[in-house]
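By letter and in written order, the chains are A, B, C and D; residue numbering begins at 1 in each of them.
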Amino acid sequence: MTKTAPGIRRRSLLAASAALPLAAPHVRAQPAAVKIGIIQPVTGALAQDGEHGRLGAEIAINEINRTGGIKALGGAQIQMVFGDARSTPEGGVAEVERMQGEGVAAIVGRFASPICLATTQAASRYDIPYIVDVGVSDQIVTRGLKNTFRFAPGFGTVTRTALDNLVAINEAAGKPAQTAVIVHEDGLFGSGMARLLNTQLPERGFRVLETIAHPTPSRDMSNVALRIRALQPDLIIPSSYYGEFVLLARTMQQQRIRPKVGIYAVLNGAASNFRFVREFPDAANHIMDCNHWADPRKPKTAEVRAAAEATGRFWLYNIPLNYSCVRLLADAIERAGSTDRVKIIEALAASTFADHIMPYGPTKFENGQNMGARPVNTQVQGGDIKLIFPREFADAQPVFPAA
Amino acid sequence: MSALLEVERVTMRFGGLTAVDDASMAVPEGAITGLIGPNGAGKTTLFAVISGFLAPTAGRVRYRGDDITDLSVHVRAERGIARTFQVVQPFAGLSVRENIAVGAYLRHAAREEALAAAGAVAERVGLTRMLDQQAGALTVAGRKRLELARALATEPTLLLLDEVLAGLNPSEIRDMIPVIRRIRDDGITILIVEHVMQAVMNLCDRVHVIAQGKLIAEGTPAEVARNPRVVEAYLGHGAAERMLRVQGGG
Amino acid sequence: MSALRPYAAILAVLAVLAVLPVVFTSGTMQNFLIFTLIVALAGQGWNLLGGYGGQFSFGHASFFGTGAYAIAILQERLGLNPWLALPIAIGLGALVGAVIGTLAFRARLRGSYFALVTLAFAEVFRIVANVLPVTGGAAGILIRLNVDPLNFQFADRAAFHWLTLLFLGAVMLLVRALERGRFGARLVAVRENEDAARALGVDVLRVKIAAITLSGAITAAAGCLYAQKFLYLDAMIAYGPWISVEALLAPIIGGLGTVFGPVLGAFVLHGIGELTKTWIATLTGGALPGVDLVLFGVLLIITVGFAPRGILGLLPRLRVRAA
Amino acid sequence: MYSPEILLTAVLNGLMTGSVYALIALGLTLVYGVLHIINFAHGATLTAAMFAVYVLHGAAGLDPYVAMIVTVPGLFALGYAVQRLVIGPASHGDDGNILLVTLGLAIIIENALLAWFRSDTRSIDVPYGFSVIEVGTLFLSLPRVIAVFGVLLVALLLWLFLARSTTGQAIRAVAKEKTGAALVGIDVGHIYAVTFGLGAACLAVAASLLMPTFLVNPRIGNAFVLVAFTIVVLGGMGSIPGALLGGLFIGVVESLSGLFMGESLGQIGIFLIFILVLLIRPTGLFGAKA
């Protein structure tokens, strides 16, 4: 690897630097646009996330271009090169190749599924800086790929925080919850989460009555509901994608099954999703989630949310996350003062960017992971999604027990 | 003449229907033996048992004295028993030469040898000119010859022919008969199931008659043709008497 | 020289395919070529059983996935060098083929029943691979990036192209040799008429099991190459229906039961597929998922209905050369 | 391990799911019984029917049950046309060809839906979607109880149609003896297409019965198609009572194995049953021998 990589780099950089002046010979007054690759899943099970991720990136790019572009490059505009993070490795790799062909300076992408591991590896062959908005697998930053950065908190961090927060909320309410049933989808995300929960819940004094796996997509949640009914847990901790969780919530509502204390989700596909809240307000009410969420106190948040909702879309966490990622990248390009990929990677690694809209504090990357990143707790309350914990960000009080 | 093939008390039942009932017969080496009978008499079933496509409900089949009842079809072919099909079964997608070669490969593993053998067999049955045609494009008569050629290519000791003349017109039958005779003359024992009577009379050294699942007569073609039970089986009840009366009267 | 003549056309096609990465140097194009060659190789495996043997499998993913998972697991979990893991993985593919073949053919499953049972086997593999820890379960298995020819990873894509082509070429030559020998003749006889073949001394069961075993090995090799090229597997990729469909489409569209069919089919399908996707993307300004597959489905029906010999059958001159 | 009440609920759930499976299998087995073909596009056709219900609900505000007025004739016509214009001409009556042609149709339908609707999972929300009927301490989902009766009604109508109507008699004649039927003047091509249309119409009903409680995405048919094949093989290819019994059986098996083994691994049970039945007793468990 060490022998061959520099060769590739030199060749690809030559190609990139040769292509840029050629691309814009007539606009001498204007500096060449900086191309940024945005890879999101806009087809497949995660298309909803992907579309909203793209929207977030677009809002950021528009804002940067409106306010003078990349100043260090003479006000260069940012140009988006969009790619679909397809559901096959060869599809993902093909998008990276296309991005390489287009000469992008960096890629911001959703880590849609473990398949993207192949995508980031492909990007690393060209030293393309790759900022991952979220990524459920911690493998993504443990492979020693220098080009890969994850802005959002990792899987382990989210789970740990979720449980710490749960303990705090539970204690504040006088410890009504002692037992839990874990419901998870049997893919990478749900299974990994269930494993972590199973080791960490007992450490924090909760008894796991049972762990119930289900496939995605699921056709029927009756059995899951029945088992929950038999077990009568205080808490249900679901880790499922949108469709299955909605089905479960509605089936439970139908079978009049309610956990004694509430539903406490971790990184759930639906619990922090306004679509669910709007479409099924009864089933959704009082469901808690520990998830990515924008910092409601930052003035910029409302601005971005307004811009997003003006397009007729729901306010999903993907929007602020990707908005922030693109802003982070633009900041790194400013500081690198160049579209040289290696310089951008160095700038990202040293980045202390604070002007994002997540509740994180300034960025600080260690082995590609943003160490300040953390999730927060939300709860559906009266048709809205409120931030309930930690207290310093909260805009509402938790309803706990929810029953 | 010793018997190359012996059928010992073979019975074949399908559910409640007895297609072959306690049939015994022998096929002497070096001769052409006929198995005849009216439609539905059970000759096709008996033929299937002999060739190994059906396992009999009871009874044994011996070949060169060995019990072969439980041997599968392809093992019988290796032992030297070949058969043709009444409804011709060419490998339609292959040329005539390749069709015959499939049989020839049984004794010749190498391509060149098998193809050469196929050519030689084709000559024996008069298919030389069609060697490179697609088998699917042959006429009915051509296909019948191809059936024969493929079976011959396995270099059998015993050749089982299933209505190899059925469906041919009289002139085609006239052309085919010497071909079959020549095969016998080359030392291959033949058992032929047939209902074209003219052919049986011409070809066979001995004939067995089956009716309603039972073997009812055996002898030279001339003997069998005179047997009242045979006449009756073919022409219906009372036919033999009427025939005798006519003969007596004339 | 004359002994080489039946192979000359194959060598010529291989030579053309070998030049491609020199002509087309873009990464996208080279990846496309490699992917297409892998599909063609999987198609060769399917074609041996389905094209020559007439046994239509809807579950070649069983072999593809076994090859892919085996090489990945041996390399990542047991630390075996991938070059050593390769023959083992191919062997396992053959074994899976032999087992499925023995079960299905002993039970005399033919036609639709055989197709369905192979599909069901592939689904069972997929579900099991999705929960077993050794396959990484739903997380899949990642082959670490470590560019070194000794590690089956090449800095230059052309090298991988040629390696894949080497496999494809070897299989094409093998298939041609089989086609011209006893096994090929018997296999085709079984396809055309089992009873007649049996009567001619062909052990039909053995021929079919041999064919599915070899078919499994070839398709497993395609799986190995896929795993090494894209370095990531999960149950849906390895055992999913997509590869079962790809493996049967290429030979059927190209020309069933011919050496060149799977190669031609793979290139035509994926060539048209890519062009359509690009065309739709420029037309509508966005990708339209699945349009290439809609086209594949249409081509499949047209081929089955009106060109049973595939594209090769429509090119009379080539057919004579290939015969 | 579970209380009898929960087991009973699981069995009832299984029977309710199984009844819809039975209906899907009914269409498949009917086509097999008459045309002797395995329609691989059955699952994709169901998906198309479900999307039709989804669109009619979303665009025209039609209740899923009311939508049958449109979808049942629509799918009948579609099935009729597809058999007449595509499967018949393209397959030349060859078993392998039919399988490939219907596979091609499945690929086309599934991916056309993917191109149109993208791969999002969708569901529709009807006011009674989560209504229940209380039976003692059990809460039975109203739409699923309706589904059971719907399936029984369709089975009864189908039986009456086959037994009493002229067309039904012609269908039975063709199923028994194609050549003979043709000789007495039955238009076999027409009867084939009618049967295929009936098979598709069964799917339209199934789609309407499913949608109030179910979700749809372009690949959802795959989940059903192997289940339906399993039922048809289990019940005996071409046997209508076999399909009904097999559907209920598979529904209960799935429900109980889901309860005990978990939903993920529970699926494997169906495939194993399928493989075993094919390997050991291809004539089916309940089916009369051919």
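Rule of thumb we're sticking to: a contact is a pair of C-beta atoms (placed from the backbone, for glycine too) under 8 Å apart; a residue touches a chain by one contact, two chains touch by 3 or more.
What you are looking at is a predicted structure, and each value in this text was computed from that prediction instead of being measured.
Participant: Based on which chains touch which, give the shortest step count from chain A to chain C.
Facilitator: 1
Participant: Please identify which chain has its centre, taken as the mean of its CA atoms, farthest from the centre of chain C.
Facilitator: B
Participant: Looking across all chain pairs, point out the one with the most C-beta pairs in contact.
Facilitator: Greatest number of C-beta pairs in contact occurs for C-D.
Participant: Of the chains shown, whose Cα mean is nearest the mean of all protein Cα atoms?
Facilitator: Of the chains present, the most centrally placed is C.
Participant: Roughly how far is chain B from chain C, centre to centre by C-alpha average, rounded to an integer in Å?
Facilitator: 44
Participant: Using mean C-alpha positions as chain centres, tell me how far chain A is from chain D in Å, no decimals.
Facilitator: A distance of 39 Å separates the two centres.
Participant: Any idea how many Å lie between the Cα centroids of chain B and chain D?
Facilitator: 49
Participant: Using Cα averages as centroids, what's the distance between chain A and chain B in whole Å?
Facilitator: 78
Participant: Mind pulling the chain D residues that touch 2 or more other chains?
Facilitator: 114, 118-119, 264, 267
Participant: Please set out, as single numbers or ranges, the residues of chain C touching at least two other chains.
Facilitator: Answer for chain C, listing residues that touch two or more other chains: 130-131, 289.
Participant: At least two partner chains per residue is the criterion; list those residues in chain A.
Facilitator: As it turns out, chain A has residues touching two or more other chains at 42-43, 186.
Participant: Show me, using the given definition of touch, all chain pairs that touch one another.
Facilitator: A-C, A-D, B-C, C-D
Participant: Considering the complex alone, what residue numbers of chain A touch chain C?
Facilitator: 1, 4-5, 7-8, 42-43, 84, 87-90, 93-94, 97-98, 100-101, 113-115, 117-118, 121, 124-125, 137, 139, 143, 145, 186-188, 190-192
Participant: Please give the residue numbers of chain A that touch chain D in the complex, ascending.
Facilitator: Of all residues in chain A, those touching chain D are 42-45, 47-48, 186, 212-215, 217-220, 222-224, 226-227, 229-230, 242-243, 246-247, 250-251, 253-256, 279-280.
Participant: If you look only at chain D, which of its residues touch chain A in the complex?
Facilitator: Touching chain A from chain D are residues 2-3, 6, 9-10, 13, 17, 114, 118-121, 123, 125, 129-132, 139, 141, 214-215, 217, 220, 223, 255, 258-259, 262-264, 267.
Participant: Touching residues of chain D toward chain C in the complex: what are they?
Facilitator: Within the complex, chain D contacts chain C at residues 37-38, 86, 89-92, 95-101, 103-108, 110-115, 118-119, 218, 222, 226, 229, 233, 264-265, 267-268, 271-272, 274-275, 278-280, 282.
Participant: Show which residues of chain B lie in contact with chain C when the two form their complex.
Facilitator: 51, 53, 72-74, 77-78, 82-85, 89-94, 98, 101-103, 105-106, 109, 111, 114, 150-151, 153-154
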